[in-house]
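One chain, subunit A, appears in both complexes that follow, with subunit B as partner in the first and subunit C in the second.
Let's turn to the complex of A and B:
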């Protein structure tokens, strides 16, 4: 409760006290946007943690060895993630549904266990110290990026590209009869998702002094997935709401902090049972309204009409 | 007139089945070309070959006058006329992916509906405009009014397309596609295909699930489109529609072309009559409403009134989908041993009534009793185990299981395994197309074969009361005869039947009593024979 009271009565103090939390919420919101893009095009891909790792390691390695300014390092990190996304997408996007999910998980683990833990330049699993970390300054680009990315992706879903994604999600065969180049548009979604995830990874190095390979495991990907499932994927606000809610919750209810994963799991189950479309359904922010509630409402209305 | 599409010796087989066997046809530019043939003859496969969904094993498919690339500016002008923008060179379509074929100006609809179910009707049509739209994704990121004007123009055009196929944009535009009635979903498929602004439009059973009067509207639409310069390839099993509208017809049987020519010649061809038309279809093709009045009068039996102690009793039933009330206080009864038919236009609420009796939907008020069982609250499995079986509209079969497994599931609730086995064998004999394909996944059956499978599965559950929703949907005329014979036979064995059917003539022929449903209410009721003579019913449902 204190949490909310402070948020409204003393926002400056709140900001200072919870800066790390706010930064983490921002990062997670960007990751939520990343997974939303692939979800929106009907693909269950779980490679986000891998692309994060690429963005993060590239940024840190460049600031260790090259004189380039930090924004360039971050940009290169995000672009490299997108490029690798393209290469990974070539074979993987032919798969659908669960098979696609498993293949992308495979990519995350192969990258972490096969590449990051073995290359000297990545510290061989010991992690890397980040020389340019700046937790207080790092929050600024995060806070600027979240609204911009949200806006861009929200607009994107209303463009020709976004309509094609929705069509593919609904029915691939029908989409191709409408002249939509299904493999190409799927690839575009996958690459944009990789780009955004890589960018989130790069941003995150900013607020951490240390890049730790265990951060980029499947657990992270699953966490990102829960943002989307809990928040809903009919529009971009859904996953972001999911990210904010699930990241802030352990802070709001301190007693739960130790059981974070358990609580997340329970929330996930409750949402799937009572509101499968997620917290934010079609038509914007909706209150939690399970199916029996709407059914009961129509019955009432019909009775009133009589 | 010159040829637009030319198929030469096209072959495609699946395993041992020659779905398309050395077929050559030529479709002239500006014509309406009909493709008919029994269920499983290879018509849909041929469409899939042309549109790039499956690849031919041999043969060539040529588009002879490729239209200029689709573009934004073309959206309001009529499609290119013959001779205009002709490139001269023929384009080989075989081995091109579907989206590329669509890009050549060939649009299609799907026999087993493939709408974007969770998008609204308007969004479906907008998605269909994909190719006509300049790629303005980057511009659209900054919503300046000038860019949004294009958007508004597209919406306006989508609304016009909906209106064109007979869907009121104000009423249906923002409805989710999945909530439309079966016939309206078919209309929406046509609107979405038209959104491509095609040169050649391929319609795979556009009028399935519509009554004769509605089919007449489809026919008027096809003629109108054709006058506007569109070449049409039409597949349908309704001979009044096909013979009435097509200028040239090809007939397939077991993958082979057995006839090719103008409708008058084809309909007289003895091979076509034996393979496809059957006796009844000729009658339907030549059917003039009122002409059968005499024999109806002769065969009409004593008027059977509403039953006093019905097996199925429905009183004041009301069902809604969200805010839309689909059934508004319907009351009727079905006595043991009767065949009762519900007829009416698309979207009248007939399927909704059946679905709320079988427990698929829950009515929000009213009474529905089946013997002792309260159908408004009983769980679906209990309803089934009490002997009320539904054959749903639109072939809801289990696509990944084989034909045989589907049938075995139909007999799931039966205790006597051996008799179930015997019945399955019997049905496979009765419908040889099922027997021949017993080990094929059901999803790969042709549309009509799937329909037969759904009916056979319903029969295997040994129903006391069978709810049949559009049993003749997508069936070839001869197959319709067979199915109605089977319905009569199980009726003679003592099964009570509640039938929803767009082929109102056939339905009223076999029904003891019938109800006319319109906009969720019962308008009329009476014996089948009496309704058949009713001039209003004739005008509205039997086609004039």
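Let's turn to the complex of A and C:
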């Protein structure tokens, strides 16, 4: 409760005290935007952690070995993530549903365990120290990026591109018979998602002193997925609300901090069962009548008819 | 080298046993049960706590743990899967709700410190635990220059026998026919008078019991036990196994399990331990892209 009181009565003090939390919320919001884009086009891809890793490692390696300014490093990191997203997307996006999810999981773990842990330049699993880390300065670009990216993606969903994504999501066959180039639009969504995830990874290195390969496992992607599911994916605000809510939750209810994963799991199950459209999103609760209830109702009705 | 192949067969048995349960649920329910690895972990943890913390002999403890895992399977069915089926939700929703359950299961063991509700489950403050030596007799054989531990041999025998039994049940019994009918076409099976909900519940029970057994064998002979053995050791590798063998195919999962064991050992011998970890996922990725029906699957729709 103190959390909210301070937020409203003393916003400056709140900001100073919770800077890291706010930065983390911002990063998670950007990641939520990243997974939203592929969700919106009807694809369950779980490669976001891998693209984050590419963005993060590229940024740090460039600032270690090249004299380029930091924004350039970050830009290159995000663009490289997008380029690799394109290459990975070429074979992978032919898959659908669960198979697509599994293939992208395979990509994330093959990248982390097979490549990052074995290259000398990435520190072989020891991680890398970031020379340009700046925990306090790093928060500003994050806070600026979140609303800009939100706006851009929100605009995007209202263009022809966004309409094509929605059409593919609702019915792929119908979309393609209406002349929508399904593979191309899917690829655009995947590459944009990779770009945003890579950017989030690059931003995150900026507030941490250290790039740790264990951060970029499938566990991370699943966390990002819960943001999207809990928030809802009908519009871009949903995943962001999910990210803010789930990141801040352990801080709000301190006494449950140890049981954070239990709480997260329960929330996830309750949302997917009773509110499939997420917290944000139209419509009420989905009511699932148990079988005895329907049976009882029909019996009542039969009795009334007599 | 022969010793390495032998090790590959032992670890492959665990992969196969784990993946058979995984693939059974996928074949019958069309759902990827991501809580399966948490059940695997609980199989090991429950047996451990009964043996080491409560002084029970090994065999009854193992039986209890396997039953507990089967009941957890029913919990998965009733909490995470059945409500979604009632609503005709897409299969992706079930994947997410089982992730939720997996989070809860892992966190329960993780937080089982003294004074908490589940403190009987875990040694206080331990990161990882081991069965006390002498829990089961472990004679070592030396045959033709190879060292064979008794427990590992036991794993091999138990898994092969169980998989043969499962194969027999699926092929030749009434229950197996009903299962295959449901997997083939749910609606037609309902029209034939098969109680589909009951089939789903028993599938989850059997699958989770097998997963729990795989977990306790793994903890007994191959590795330390921690709340993360499911997530780190078998969850994603199990995915690789069922993809290699063709999703939903039981013989495929068995072959895929042994194949993955062999691939890993060869990668280890050839390139060293660092590459070994990534090999499973590279294989998974390649198979999905090049041959999505799996290495042994003739057609994508043929199952079980």
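Everything that follows uses one rule, which is that the second predicted complex is superposed on the first by the 281 of 306 C-alpha atoms of A that agree within 3 Å, B and C clash if a C-alpha of one lies under 4 Å from a C-alpha of the other, contacts with A are read in each partner's own complex, and residues count from 1 in each chain.
In this text, a residue touches a chain if its C-beta (ideal position, glycine included) is under 8 Å from a C-beta of that chain, and two chains touch if they have at least 3 such contacts.
Predicted, not measured: the structure shown is a model, and the values here were computed from it.
In the superposition on chain A, A:176 makes contact with subunit B only, not with subunit C.
By the touch criterion stated above, A:71 is placed in contact with neither subunit B nor subunit C.
Touched residues of subunit A, counted separately for subunit B and subunit C, are more numerous for C. Of the two partner chains placed around the shared chain by superposition, neither subunit B nor subunit C is touched by A:147. When the shared chain is aligned, subunit C comes close enough to touch A:258, but subunit B does not.
In the superposition on chain A, A:137 contacts neither subunit B nor subunit C. In the superposition on chain A, contact is made by A:167 with subunit B only, not with subunit C. Annotation: subunit A has no residue touching subunit B in one complex and subunit C in the other. Across the complex, subunit A meets subunit B through its residues 152, 155-156, 158-161, 163-164, 166-167, 170-171, 173-182, 294-295, 298-299, 301-303. On the subunit B side of its complex with subunit A, the touching residues are 51-53, 70, 97-99, 102-103, 107-108, 110, 114-119, 123, 126-128, 130-131, 133, 135-137, 140-143, 192-193, 195-196, 318, 320, 322-323, 325, 362, 364-365.
Listing the residues of subunit C that touch subunit A in their complex gives 32, 79-80, 83-84, 86-87, 89, 91-93, 95-97, 99-104, 106-108, 110-111, 231, 236, 239-240, 243, 247, 274-275, 277-282, 284-285, 288-289, 292.
By the touch criterion given at the top, residues 44, 91-92, 94-95, 97-99, 101-103, 105-110, 112-115, 117-118, 124-125, 218-219, 222, 225-226, 229, 258-262, 264-269, 272-273, 276, 286, 288-290 of subunit A touch subunit C in their complex.
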